[in-house]
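Should a chain be cited, it is by its letter among A, B, C and D, assigned in written order, with residues numbered from 1 in that chain.
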Amino acid sequence: MENFVPYLIVALIQVAISLGIFGFVMVNALLLTLAERKLLGWMHQRLGPMEVGPWGLFQPFADMIKLLTKGDVIPKAADKFFYSYSALIAFTPSFITFAFIPFGLVGGIKLVAADTEIGVLMISAVMALSVIGIILGGWSSGNKFSLLGAVRTAAQEISYEIPKTLAIIAVVMLAGSMNVYHISSIQRVWFIAPQFIGFLVFFVSSLAEIFRIPFDLAEGESELVAGYNVEFSGIRFAFFFFAEYTYLFVTSAVITALYLGGGSGPEFLPWGLSSLFWFLLKSFAMVGFILWFSRSLPRVRADQLMNMAWKIMLPLSLVNIIWTAFIVLNENLLKIVVK
Amino acid sequence: MEHTVASLAGSWTLTSILAVLTMAFPLLGFIIVGLCGKIAKEWGPKLATVTIFLSLITSIVVLGLVIANGPAPTVSFVWLQSGNLTLDFGFRVDQLCAMMLCVVTLVSFLVHLFSQDYMHGDPGIARFYAELQLFTTAMLGVVTASNLLQLFAFWELVGLCSYLLIGFWFHKRSAYQAAKKAFFVTKVGDMGLFTGIVMCFILSNPHTLSLEALPSALASLAPALLIIIPLLIFMGAMGKSAQFPLHVWLPNAMEGPTPVSALIHAATMVAAGIYLVARCMGLFTLDPSGTALKVVTYVGSFTAIFAATIATVQDDIKKVLAYSTISQLGYMVMALGFGKFGYTAALFHLMTHAMFKGLLFLGSGSVIHATHTQNMHEMGGLFKKMPITAWTFILGSLALAGLFPFAGFWSKDAILVGAEATHSTIPLILALITAFLTPYYMTRCVWLTFFGKPRKENHAHEASWRTTLPLIILAVLSVVIGFVGAPFFGELFQRFIFFHEFESEAVNWTLIFGSTGLVLAGIFLGLAIYAWGWFKKETLIRILKPLYLFFKNKWFVDEAWTFIAVKPLFYLSEFCHWFDRTVIDGAVNGVAWLSVILGNIVYWFDAGIVDGLVNLAGYLTVKVSELVKWFDENVIDGAVNGVAALTGFIGSKVRKVQTGYLPNYATIMFASIALVLILVAWFAVLN
Amino acid sequence: MNYLLLILGAAIFSFGVLGALTLRNAIRILMCIELMLNGANLTFIATASQLPDPGLAQSMVVFAIAIAASETIVGLGAIVAMYRAKGWVTLEQFSLLKW
Amino acid sequence: MNVTMSQALYMALAFPALVFAALTVTVKNIVHAAICLIGCLLSIAAIYVGLHADFIAAAQIAIYVGAIAILILFSIMFTHDVSGKQMSHLNRQAVLGVFVALALFGSISFFIMNTSESQFTTNFQGQMALPPKTSLMAVGDVLYSENASTPYMVPVEMASFLLLAAVVGGIEMAKKKEDEV
């Protein structure tokens, strides 16, 4: 075997990094649940969870223990195989997307697991895979409400994929590359300024794609009991849950990379650690913004959801592309926007 | 000297940017007002007027810049590229363009302002303004276009807007029919234009459609083609500029709102044809024999006198103005036919005509708005009630009549000088007759409208400043704008717009006095008939009855169209019907009749002689046929039935192939592919 | 290695053919057509990787994907319409062009 | 024939692709078939990555898996009852179909095996060591180049028109008509 040892070392390092990211994902998702509940509490002028640990800080760990130790119920009408693994299918892509997120440039090393030319396309492609898990989960439960939730999910996902991709295309036009790191580092002006319409479209479409509150029809409690995950419990439910919160962070990170200049900001730490700092700061700020935004709005109806995708978001994103073409064709304007 | 703006790249000069802005403002207005629709009823008209005002300002600045710095370099970007086909989208701002920008935006602005009152309360007012804005954009696009295809695109957009605006009151049958007529008739010309453009592109070497590069790219063509191509382009101009025989749409187009008539059918859209020919003048002069230009001259001069005669007998005030427009357009086209001798004069006349014809139409609009009728015989006595309208209308009429020193005089004189310079005797005579007829019918029109006793009860009164201000502005311009081209004031216009090189015109006193004399004579005749009553109108009509009827019926052109295009079809079918009824039916009936007679003869012969023989033969035959019958029933029928049964049997088996079941078909398809592959493998590869 | 990939393409194509010929459900047949297209695409890409400039062959695959997408839209639209009309999506029910 | 690292990798990817393709056709439950189709598509995407066709791989995942497969799943949910119980999934000419498919596969393989190896391996070494440009750039150069030898601008536009027409047609066909309930 040619050059086996270096391959092995690289592979081991990659495994280590992957495990690190996995840990980050888990802890992150747990903390986000707490953050959401706290935030929601403050918005309601409540305190939020206060019982477990000082100031309720250990609440998510308690929740996790509860979920992991719960009985593992498989409904009789379920399709056993897919019922068992749909949660994993939903969760895995969320984890894969981390490979394409540019956390920064530390000590001359790009913190991007897969620094590929087509990173943006890959992110949106991989994110679309999750919905397969959700559809399968809904279908394999053998429950009408689950199935309805799953079908709604599919429709929603396909519809909002289009404006979202078109918004991304505008960014790609501006940056002249699909490499996420390249896009995040090329911004002279944060793209949220020249791409404000695109940002709006991307933001709303992303909310729809990760089923945050104004668009959480897939689990509309009032009409579908709890949507696709009504039959799930224990660790499977936990994985759906993890996927949802991981996507919350992933979306924020992608918005940070595409529209908020990635890790750019004043340098105050050695070895370029500040870029990591700024990236995480912006991402978590974005998470906070999404939580705030989504918790302030009521859920839309299914027909409103579709109308919004096809009659508002799609035209808006097309307008945005025309506007972007205008910038790109004008060299002097382009010079103002990108490095 | 170039005013390069630092923040924009390329050869964009301030002039070009302002020219594009001139186009952009009305486009913006169109998008906003057009998209907002009914909710823009209140603010839409105001917004549209503001955008067009901005456009007017930028266009004046453009004109100033062009006067100061000369034409801006053409800016263009690639519009469309596929294979070796490359089309540019460019803006060419030169003197002609700058002049047209100013004329279009000025008239358009005044019309916008005028319509505020005229269209007030109309349910479709927002649509009206949106269409006006789109029209202005399209017209400015025609003017700034740098290549023929781009020009054609905006040209068609202009045609579309004209269609929409003529048919603005589409619930009126006559309006939408007029709109359709205008659209179709101009399309006849446009077909020629498009053919010409395609020919230009195919035949030019290197392939180009750029207006600047075309003449040199086409120069080496065969002479016949050099006649055909300009004439095809001229066809487009004939349609848009309402030249005989494609003028028929313009009088009908008066069904549109009057401001639209002022904007489209007097000042701008019809000028597009003149502009097109002027822009392509380089192509027209390529032909060494000058045939194309001669055709242009004759078409123009004939149209001029033709329309003028019709205008003398019209009762509808707008129709008078419409025919007068056709006549004046004929003037311009005739001047264009003089090549470089008439180029400047034609464009000069275009500009002055835009002013006073816009004024006259707006004035008539004011009158119509006040009296709610368009028939001049129902007006009269309005001078006291509507002094501003009357005065401005009279000034406009004098300008149109070409009385010294109004605007029309100078431009008309320039055209006559051009005719004289090219020794075109027949066009000159026709133009002089027209110069006599024009003041006559305008005098008639003014007198019937404003003087004498009111012939019908009305409560006419002057409208608000929004109506009168445009009139006053245009009246002032009608009076003074001629001086920019007057030979006594330095021939500013001639120095500004010219073809190839500027040539000062000699002052031709004979023509000046001659034409002034004709104008005065025309006015005098008009006054003599209508004001002083020296001749009884009825007497004149009786004396000149054939001529009167001829003019009254518009030289029977509509009828001629009917006769040339519609009737022949009708008659052909009539003839076919007659032929069918008479000849064929006759032949058939005749044959039948003959048959009856023959039959009678034959019957007698048959019953008498033949039957005897036949009966004998019959007996024999019966015997034979009994034999044959047996043979037939058993042998032949057996064979036939057998074949039929066999066919049916095979069919009932074979039809099963048609299963309608897709996998069957797919199987056969793939099996065939596999079979072919196997056969190829067997024969070609293995052996 | 090339043989492997080309034969893999052929095999996937043939599985698509097999399914298209033997299955009853219209949606499954559509799925099999996707399989066939993928077999063809794989052949394209495998061959392209041996060329100095793989762009042309890969562009063809882009076109193929575009056509596959439109075909799926129209096909599924037709199938849903069929389902609305008859309540079935098996092809035996839709042999209207029968003798 | 000694197996190199990359060949082993391709075999490792080809195996699931083949198995999933087979399962797509043979599995009884249609939802399972759809999932197997997705698996097959993903495996093929992985092979594309190995062949330096990153962009095509991403397009494969985004369009085939992300859109087409989900659309198929969506229509399955639309046209089937939840239980998924069906009568025989094979039609009445299944045996014939097997033979035809086998014949097709056999003949195609025959041609592949019979083509001389040199026709496949031009520039093979240099190619794999250093791809000239990224897949994205290569595709972009061909599709949007201003070079007259590859005039694919118009075909691209036509493909976009085709997609538009397909969308409109799909909506029109699948739409509930006014008179239907």
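Following the convention adopted for this analysis, a contact is a pair of C-beta atoms (placed from the backbone, for glycine too) under 8 Å apart; a residue touches a chain by one contact, two chains touch by 3 or more.
Computed from a predicted structure; not experimentally measured.
In this view the innermost chain, defined by its CA centroid being closest to the centroid of all protein CA atoms, is B. Among the pairs C-D and B-C, the greater number of C-beta contacts is found at C-D.
Averaging Cα coordinates per chain places subunit C and subunit D 7 Å apart. Distance between chain centres (mean CA atoms), subunit B to subunit C: 53 Å.
We define each chain's centre as the mean of its Cα atoms; on that basis subunit A and subunit C are separated by 32 Å. With each centre defined as the average position of its C-alpha atoms, the distance from subunit A to subunit D rounds to 27 Å. Taken residue by residue, subunit A touches two or more other chains at no position, since every residue touches fewer.
Residue positions of subunit B touching 2 or more other chains, listed in rising order: 663, 667, 670.
Looking at subunit C, residues 17, 21-23, 91-92 sit in touch with two or more other chains. Contact residues on subunit B toward subunit C in their complex (touch as defined above): 655-656, 658-663, 666-667, 670. The part of subunit A that touches subunit D in the complex is made up of residues 1-2, 77, 79, 82, 116-118, 121-122, 124-126, 128-129, 131-132, 135-136, 139, 142-144, 147, 150-151, 154-155, 157-158, 161, 165, 178. On the side of subunit C, the complex with subunit B involves touching residues 17, 20-23, 29, 91-92, 94-99. If you check the complex, the residues on subunit D that touch subunit A are 4-5, 29, 31-32, 35, 38, 54-55, 58-59, 61-62, 65-67, 69-71, 73-74, 77-78, 82-84, 134-137. Across the complex, subunit D meets subunit B through its residues 91, 93, 96-97, 100-101, 103-104, 107-108, 110-111, 114, 146, 148, 151, 153-154.
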